[in-house]
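Structure first, then comments.
A, B, C and D are the chain letters, set down in written order, and residue numbers restart from 1 in every chain.
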C-alpha cells in the first residue's frame, strides 16, 4: 500500500509504519480522508475543489490584484494578458479580480443560505416525522402546497417582494430549500423511527427530548450532511440563475451569474471571455461540490456501499484447465 | 399430501440409493468460491467435494456464514460476479462440467434440468409480474410449450403444489399471496420443466413451523413422485433428521463431516457436529434441560485461523489442529470426517 | 411469596382499527390482534408465550409493556392496575418492565458506544450518581452478561449477533426491572450461539431472581427455559399448562398439530413421528376471524358446536387449562389422541 | 378507478386552497405600489383617472385584502376567470393562453429528449457497471449537472454567431402547420434544457436499476435460465421504472423554472417572459395567474404520474 499520497504520511513519523488503515483508524477525520482518497478519487478531487473555493473566498482580498469594482477606463474589453490574466470587461474591470471576489460572494451566499435551509429542514422534518399525527398532517399539506410551485417562479416573485440584494437572496433561498428539504429529513426520521432501538428507548422510559437528541438526531445526521452538500451546489446555481436574470444580487457586486447577465450580452460578442470565464468558474465550483457530495453520500449511506450488481453468471477462473479425464479416472471418494 | 405422511423406515441404510460416484447425478470436486471486497478476499467456499445420487435427498447443514448457500449457488454459477468468483473446482452434472459451460449451455441447464428454490418467498418472486407470467417463463424458454397449452400446464402445476382455487389465483400478483403460498408458487415454478435436480436453499426459514412442515412434506412428495434428486440447504438439524437421506455438515466454507442421517446423528465424528447436536434445543428434552453451547464465535472468513478452522472453538484441539488443515477422509465406508482427533478418546 | 401474582392480565383486547378512506373515514373493521387474553405471571418464574406469526403473542407483550394501546381489559403489576397510567407515572413504571428484542442488529443504536447503550436506563431513571459510579455499574453489568470490560468503548457494529444480544440483556438488567419481556430473544441467532444465550438467561434468572415473559415461536427453545407455557392462536389463548405437562400431554388439537410439525434432531425418533394433518390450510385473517372456535376450520375434531360457540379456557386438571369443546364435561367422549411418544 | 380519481381530486382541494392564499398574499406584499408606478406614468393616469383613490377604486384595490381574495377566488372557481391585467386592457386568461403553448412545447420537448436519452443510457450504465459506456454516461451526467443551463444557452447563442454568423431563429410557426420550421426554433433550446434534466433522470435510473438488479427476484429470473436481455428488460426495468416515473413528477417544477431562463435567452415569447415583464410592472393579476397556473399544472402532472404508477405497480389498486 502506498503511503506517499495520503495526508497521514505527512504527519506520521517516518520510521516503522503500521499499515495505513490501522494508522488512519485512530483519527476519524484522517481515516475518512484516507478512505475518500482510496475509494473515491473523484470525490477527493471534488473535495480539493471545495477547499480551493473556500480558501479563495476567505482570502479573496489578498488574492485579487484589484477591487471588484476597480475601473480602468482605458483598458476596456482587453483580452487576457499578463497584466489582466482573464481580460477586462466593458468598464475596464479586471475579470480575474471579479471572479475571485465572486467566489467570496458565492461562498457567503451558499453557506448562509444552506445553513438556514438545513436548520429549517431539520426543525420541520424532525418534529413532523417523529410526532406524526395531526401536526404532521397539517405541516405536510403546507409543504405540499409550497412545493407545487416551481422554485424559480417562487424565487422571482419573492425577490420582487423583498427587492434584490444579498441578504434577501440568502433568506429566500434558505426558506425555499429549507421547506423542500424538510421532506428528505422527515423521510429519514420516519425510517429511523422504525428501528427497534427507538422502541427500546421509549419502552425504557426515556423522555421525548432525550430520544430526539440522543437517538433520532445522530442517526439522521448522515442524510442531513448529504443534504447540506447538495444544497450548497443548488444554492450557488440558483443564486447565479437569479442574478443572470437581473433579479439576484445587483451590480456592481461580482456575482458569477450577474457577470453573465443579459445586460452584458452585447459585449460578449466582442469579448467572448466575458461569457466563458464566469461560466467555467461556476461549472468547476458546482462540479466540485457535487462530486464531494456524491462521495460523501456513498460513504455515509451503507446501502450504497459495494453497490455492485453483478451478473448472476459467476466467472470461473481456475489456474488449471479442468479435466474431464479426472472424472473418467474416478475421483477418489 | 398423504394424510399421515410417515417418514422413511428405519432401515434406510439398506434402502438408500447407492451413491456410487460414477453413477452420481451430480459430482462436485474441490469447489472454491471467493468474494472480493476491495483487497480482501472472502473464501466463502473453500474446497468442497461431494456427490448427489439419483433420487437422493442430500442435506447441507451449517450455521450462517458456513458457505452452504454459496455452495448451492456455485453449482449453477448463480454467484453475482463481480464480486463473486469461482476460482477452482469442477461440477459434473450427468457427466457434463457446469463450470466449463458457455453461458448459453449453462442457461439450458438452469431452470430446466436443475431448478432452485430460494430462501425468501417474499422477495424471490417479481412483484410486478403475475403468477401466470412467471410460471410460464421456464416452459416458454426451455420447453417450447405451445401457447394454447401453457394455461393448462400452469393450472396443473398450481394444483400439484396444492394451491386452492388455481383458476382464480393464476392472474394474481405475488403480494396477494401469503408466505407459504408464495413458496408453493416458487416450487411450482421450479417444477415447471420437471428438473432432475432440485436445489432448495433454506426453503422454509422465513416461514412458520406448520407452514414449514407443509412445504417440506410437499417437496418430499413431489421429488419422490418425479424421482428427482434434491439438495436441501438448511440450518435446522431437526429438518435434516426428518427429510434427508445423507448429510453434509459445513463449517467455515468446508465440509467437516458427511454421512447418512443415522451416521451423523448417532455417531457424529467431528467435534463441530457433536457440538451442534448438543446445543440444539430439543422438543424431546428433559424439562428445562441445560444446553451445551459451542463456546466462542464463528471465524472471520476473510482471515480464517491457521490449521483446522474449528480449532479455536474445539474442546478436543491438539497442537496438530493449529497447524494442519485436516482433509475430509473416510471414517467408515461413506461416513467421512475432516478431523485429526478421535472424539471418543 | 404473597398470593398476588407479580403480573396479572385480565381479558386483554388489542384491536387495531383498519385505516379508513377519504370518502369512508371509518371503515369499522379492525384487526383483532389480541382478543380476550388472561394470564398471570408469578415472581421468579418464566412464562412462555408461543404461537405462530400473527397469533398475537408479541402484541400481548407490547400491551403488557404499555407500548401499544389497550382496547379493553386490565393489566396489574404487583397488584396495581397499570392499564391507564399516563405521563410521568407511566415513565416511572417503565423501569419495572424491560424488554429484550429479537433483532440483535436493530435493537442497539449504531451511533452509541456500548457504555452508553447499557447505561442509558441508569441515566433515564437517575439510578446512579456520578460518572464513576455509572461506569462501575455498567462494568458490573457487562461482566454479568459475559462481556469484557474493554468492549465498553466500542460501537455495536463491531460485535457479532450473540455479543449484541448480551449487550441488549445488560441494558435490560440495568434498570433492575421486576419483569423482563423477552421477544424472540434467540430466534435470530445461530444454533450454537442460541444455546449460549439461553443458558445466560437461565443463569441470570437463578442469580438475580428474575421474572421472564418469554415470547417465542420455537417450542423447542421454550421447553428449555419456561416453567409454564401459554399457546396462542389467532388472538386467543388455546392452552396453558406447566411446561412438562404441555409437552407430554398436549390437549388442544392446535397444540398437538404444532408439536407434530416441529422436527426432532433424531432420525430414529423422526421415523416414528408423523405430521398432524391439522397443520394443513392457513391461519384465517384476524380482521374477519371464524365464528365459534378460531381453530375449527383446520381442526380434525371439529364438531357442530365448534362452528358456533367459542369455547372458554377451562382447567382440565390442576394448572392445565384448555380452550376446546372436546374437553368440556358435556362433551360426549374425551378423544383418544396423543402425539406420538417422544424419545 | 373513477372513485380513486375523484378521491385524488378531492384531496387536491386543501393543497390548492393553501396555494392560492400563498399566491394571493405574497404577491400583494410586493413593495413599490403599482398605483405609484402607474401614476408616475403620466399619460396613463392623466388620460383616465385623476386621483389615486379613483385609480384604486377602478382597479378594485380599495377593498380589504381578504375581500379582494374572496372576490378573486370566486371568479377563479366559478368562471375560471383570473382577472384583468392592470396595465393592458386584456384579460389574464388571454395573456396566459397566448403564451402557454410556447412554454408547454418547450417543456414537453425537453422532457421527451431527457427521457429518451436518459432511460436507455441509465439502464445500460447499470447493467454494464464500470464498462466504457457506463463511464461515458456517468461523465456526461456529472458534467451536465454542473454546467448551468443559462451559461450553456448563452454559449450557444454567442459562439456560433461569432464563428459562423448563425443565430437561433425566433419566429415561431405553429407546429401543426409547419413542424420543421417550428422545430428549428424549439430544438436547440429543448436540447439544452433536456440535457440538464437527462442528467438527473440518468442518475436516478442507474441507481434504481442497480438496486433492482440486486433483488432476489432477479436471481430467480437468472435461475430460470433466462437470457440477460430478458432478465433486464422483463424483470428489472419495469420495477426500476416505478420510482423513475415519480421523478418525472418532481422534474416538472424544475422544468418550469428552466423554461423561464431558456425563453429569456432565446427570446421565446412564453410564460417565463410574461412573468418577468409582469414582475417588473407589478402586474399582480398576471403574476397571480401564472403562479396559480404553474401550480395547477404541477399538480395535474403529479396526478397523471400517480395514475401511471398504478399501471406499473400491481400493489396500487384503485378500487377499495
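Here is the rule we go by: a contact is a pair of C-beta atoms (placed from the backbone, for glycine too) under 8 Å apart; a residue touches a chain by one contact, two chains touch by 3 or more.
Predicted model, so just to flag it, every value in this text is computed and none were measured.
Core chain by CA centroid proximity to the global CA centroid: A.
The interface with the greater count of contacting C-beta pairs, when A-D is set against A-B, is A-D. Rounded to whole angstrom, the centroid-to-centroid distance between subunit A and subunit D, based on C-alpha atoms, equals 25 Å. Rounded to whole angstrom units, the spacing between the C-alpha centres of subunit B and subunit D is 54. Inter-chain spacing, taken between the CA centroids of subunit A and subunit B, is 48 Å. Shared interface positions of subunit C, i.e. residues touching 2 or more other chains, are not present. In subunit D, the residues that touch at least two other chains are 214, 219, 222-223.
Multi-chain contact residues, meaning those touching two or more other chains, occur in subunit A at positions 308-313.
In the complex of the two chains, the subunit D residues touching subunit A come out as 14-16, 18-19, 22-23, 26-27, 29-31, 126-127, 129, 142-143, 145-148, 150-152, 154-155, 157-159, 161-162, 209-210, 213-214, 218-219, 222-223, 228, 252-258, 260-261, 264-265, 275-276, 279-280, 282, 287, 290-291, 294-295, 298-299, 302.
For subunit C in complex with subunit B, the residues that touch the partner chain are 52-53, 160, 162-163, 190-196, 198-199, 202, 217-221, 223-227, 243-244, 247, 257-271, 273-275, 277, 279-280, 282, 342-343.
Remark: subunit B residues 21-22, 27, 29, 33, 37-38, 49, 51, 74, 77-90, 92, 95, 97, 99-100, 103, 106 touch subunit A in the complex.
Residue ranges of subunit A in contact with subunit B, taken from their complex: 39, 306, 308-320, 322-324, 326-327, 330-331, 333. By the touch criterion stated above, subunit A contacts subunit C in their complex at residues 195-197, 199-207, 210, 214-215, 218-219.
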